[in-house]
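Each of the two complexes below includes chain A, the first together with chain B, the second together with chain C.
Up next is the complex of A and B:
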């Protein structure tokens, strides 16, 4: 148990008043950054990075990683209250979190989101503490076919469980893929769908589109339905925290499943976003009550949050041990490490023991501090829903516009956001699911790159997706999940019980 | 300004007078925060360089206005260079350029030429090294290329993007040695480095900084550097090798040379005074110990050119890219 000794040593490094103070500051800034749509973890960390150049590397990374934890926690808040994902990985949280808030269960939704996040993070840190070297080598086994298989699994686990009209799901995915294709094509080095417009060179930023589709779209729908939040009289007592906790042990399987999915995707740089979608999809698939999903199921909040936070935390592992960032924020932290004179990579754990174990210890403490901070603000945030819609809506609109502007600092993005607000409104009216569009937008180009890299390497042979145990298992699993609704439907029909047709039909 | 006011309050007008004398009087100074446009993604080499510049400028108080870093990495940096082009006349923006300023307009229909911008200074050059996995038996480029020659297209060369520096070098090796790789484009050098360790590719031509961690851990091996002479760094990086121990490709019988510029540009239409300010600023930056350390740890080639010399360099470098890309068939038909 050499790790335990090193970890205790790490706690010794971290537990100074100065560091604990930095930790609290970091968490609070992080929560704010997470709440403001568009600002996001990577931007928050990047803005504060210069301030840390003069600090000790250990103190600096504590401050910055705590911003990261705070942003992970904070992302859930606006998703649940206003259907606006503050962070990309919070999109899946809106699916059930927002309906819960509309039913007056905002407090319960926030509490379960935060607790799920904490559980996920804790699993991620435990992973880093005890099995870092083994896991780091596992990540090395991921080449293009493996990455594509993971993306395929994410798509399939999400789509195979969709209740909506399958044709509409496919159309929604196609729109997302088309949007994801705008800009430079990595494989051919050519520009696609930019029509000679400089503004399109950047492609469509995921966050801008999501703020429009979800945030603005929701405001338009609410305006049409009578200028009032449905979530009147939210539970705004701290007791709601305890009441929700009493229910959580029932969902232990969801928690563990999401934590595993999250850790796995965080380590293999699939990222927190894929993890949150996959966590949600799997929870729905294996739930005893899949019909309740999308209508305010507590599991639907726990699952994506746990997975996202587990992935966000374990994403730091490949960053530290291999020097590859698993997420945007990790990429900025990576840049920071180099400026402080630390070279991330296989030797970091050997050469900078104090720093690494200090960081790991701060992950434990930072998450505990984060949980306390966010839980104590649950009633405060739930109370926002008591403000009349006519006052809060313009504020949300402004926050959305500022958020969209901040992503790249251009006015063009604000117009894009408004455009997608209108698109989102019509898609909702026409019952098109938005989630497949978002998923395709965020993973589409990565999946495409991975597929085409694979095909280049195998010279077009599809057998490469079953060329070793790892990729074969993931691909097969993905295909099974994809066709499962069809199979279960056929089985039901064959048994002559048409009433037993599954919800996936 | 704050420091000047602080001094004045502390020591009176005499100090202020002295301080004013100390500060060289520029005919022009930035009037608002200076934006550094990084035509690359977060955490990459250009981003790191920008952060070092930001750190050095702040620490040594080389400029009164603060520095803001804007990442505009869309379309392999096309977003950033077009933003610089569109900002003509704005002297509070600078671009950290890399070879995309030639390769993008040649490979795509992007309407850009570096002549649209105002060249300020060439501040460094990036080296490229031929890397293989340490588990392979190849110790020299000739051994490796003989194996590649024996099995055309069986060896995978990983590189950043398509029709860009890594791809150009690969095409140049293929032409020089009459071999054929399967080139696999990836998004970043960091990703490629890990892919090489995981044996998903057989070789790459990463910059020193992109693979140094894996080199030190003994996971990858250097074959040669694509420069005309060895790198000057003598400090041991691995247990027994320094950057300077790596032979050049030319001395190993592979006559391919490629270096990538790291240059500073202002948008078009900058005045002589504005150029003078930034030239002076970067002269000071490259003289600081922080910059030295950065150049050493990342094994950059120290280079500093301004004015007509920089312009001449750009003309020649562009011509070379055009030749290399034409012979590789990378130039878009317009």
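Up next is the complex of A and C:
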């Protein structure tokens, strides 16, 4: 097994005192980021990314990916103890987690949530370990047309599978693409969309935009809702943990089902949020007592957490192999890779073996460390949440400002951050999805380059996208996903009310 | 609906600039504006859809933000703007200390001792982290110069 040998090699890279220390720090910061409203995975990683520029890429990615794992774990704490989802993907966890906490079973709920998360993450990592090299190998044959087709597939699946209004998703993606186009054109060297402003020459840095959209925007929304934390006390000790663990094997089917759903949705850019709801729905459907759901069923906690973690982890698979992030945080990590001079994509597996396998090894260790850290420190994080928002909010804003400033060391970026904070607030209020925007902003230039290189090669014939079996399949698949909701809606309408004329989708 | 119109304007703006660049086909392939033009058109078209949808759903009288709720938002947004503006003149550390302290006093109504101690500790940590650990210079003002940094 070639993979196993490489993986062991990766463990060798990771297991230094320095890296293990970074891992612990990353997990703890990540859990804090996941616990606090207004600081999410993408935003937490974006703030800290500039600080890692001076570090070794492998150490830096270990730190940042551990923040990501921590954030995934942290979301469960707030959902269960406070009935406030710290992250969008832990909304489904509140359905049964909070009732359990109300019944005094908070410890059991947390333990099962964390263990479920761990199991989900582990399945995601296993998937990456064995499938990623195959995909990367396969993707080595990709040329510009194939890459553009894959980008198209990414955007189309966002539109096709998104729950929000389709027009709004398209606008969100297009704004991202338009923002990516600002600045110097990479092929002709012309200036685009700068309107004579020299400051816009460099274009918008996605880190600044992410910090603004997710950080500032989130704080403004939270301020409007006027949060007051009234939480349950966690009763965590070793006895509760062991007792819950003894129960868990009974739910093996739920665990596996959720993990599979999560892996699948994580790879396609539907993301962890959809996965957690789907995992919950499936568990309810197949459960022996569906009536118990919503009233504190332990399965109702395990299912969404497992699925969310599996999805969050496997979102890194397309990022590493194809250079396409499966989630908002993965998009930020991808941007980080590019800044470190590592071109994400199939070549990464050939040229930077140490880095890739170090990262994969750190996923195993990071999740084990994460499980231990969160199980032992829940009371601490619950205490953090009791700090009033009027202290936390300004501190988060300061952290955002510092983060935005350190990206390039200019005040202009801080103003841009403020601007996007306000934009993010309005978009959030109006149900515009933000993840597609960030994704498009990161991928925009690459997608455009791929498209134009293709066009240069084919002299403008669109037929090149169906010129061979590979690219043709991907393009067709993208178009099918794009129109799928429309078709299924039409079919449903045609079956239900043959003569009804509804509003266009 | 208004937002839809704003996006429409944005789309038109993109279109206008890309046409200036040349959005067609040169002999060697697409010009610089080719890709953004299509995006501009897409934004414009979709914003029309959103506006139409908003118009149709007129029965949906849900107010975007109630005025009473805008107050807390403004309470944090205005200080934030002031904070960023101040950062340019007095440096990040002084501005952050005042910002956190001010909001704690104003929104949280903490006692003056806490209002003074907590932000100072925070600024101290930031200073230690960035100046010594990461060696990343943050904007400084006259106060830091006076200390010799």
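Brief remarks follow.
Basically, the second predicted complex is superposed on the first by the 273 of 505 C-alpha atoms of A that agree within 3 Å, B and C clash if a C-alpha of one lies under 4 Å from a C-alpha of the other, contacts with A are read in each partner's own complex, and residues count from 1 in each chain.
The rule is simple: a contact is a pair of C-beta atoms (placed from the backbone, for glycine too) under 8 Å apart; a residue touches a chain by one contact, two chains touch by 3 or more.
Predicted model only: the values in this text are computed from it and were never measured.
Contacts of A:265 after superposition on the shared chain: neither chain B nor chain C is touched. When the two complexes are overlaid on their common chain A, residue A:425 makes contact with chain C while staying clear of chain B. Contacts of A:177 after superposition on the shared chain: chain C is touched, whereas chain B is not. Shared-chain residue A:335: touches chain B; no touch with chain C. By the touch criterion stated above, A:391 is placed in contact with chain C alone, chain B being left untouched. After overlaying the two complexes on the shared chain, residue contacts for A:409 are found with chain B and with chain C alike. Of the two partner chains, chain C is the only one touched by A:451; chain B is not. In the superposed pair of complexes, A:363 makes contact with neither chain B nor chain C.
Legend: residue contacts after superposition of the two complexes on their common chain; A:50 is shown touching both chain B and chain C. With the contact threshold set out at the top, residues 50, 54, 185, 187-188, 190, 409, 456, 459 of chain A are in contact with chain B in one structure and with chain C in the other.
Taken in their complex, chain B has these residues touching chain A: 41-43, 47-48, 51-52, 54-55, 58-59, 69-72, 74-76, 78-79, 82-83, 86, 107-111, 153, 156, 161-164, 167, 182-187, 190-191, 193-195, 197-198, 200, 212-214, 216-217, 219, 297, 330, 332.
Chain A makes touch with chain B in their complex at residues 42, 46, 49-50, 53-54, 139-144, 183-191, 194, 196, 198, 201-203, 318, 322-325, 328, 331-332, 334-336, 338-339, 341, 343-348, 408-409, 449, 453, 456-457, 459. Contacts from chain A toward chain C in the complex involve residues 50-51, 54, 165, 167-168, 170-171, 174-175, 177-178, 181, 185, 187-188, 190, 192-193, 195, 216, 219-220, 223-224, 226, 388, 390-391, 393-395, 397-398, 401-402, 405-406, 409, 411, 414-415, 418, 421-422, 425-426, 429-430, 448, 451-452, 455-456, 459-460, 503. Of all residues in chain C, those touching chain A in their complex are 3, 7, 10-11, 14, 17-18, 21, 25, 28-36, 39-40, 42-43, 46-47, 49-50, 53, 56, 64-65, 69-70, 72-73, 75-77, 79-81, 83-84, 87-88, 92, 96, 99-100, 103-104, 107-108, 110, 118, 122, 126, 130, 134-139.
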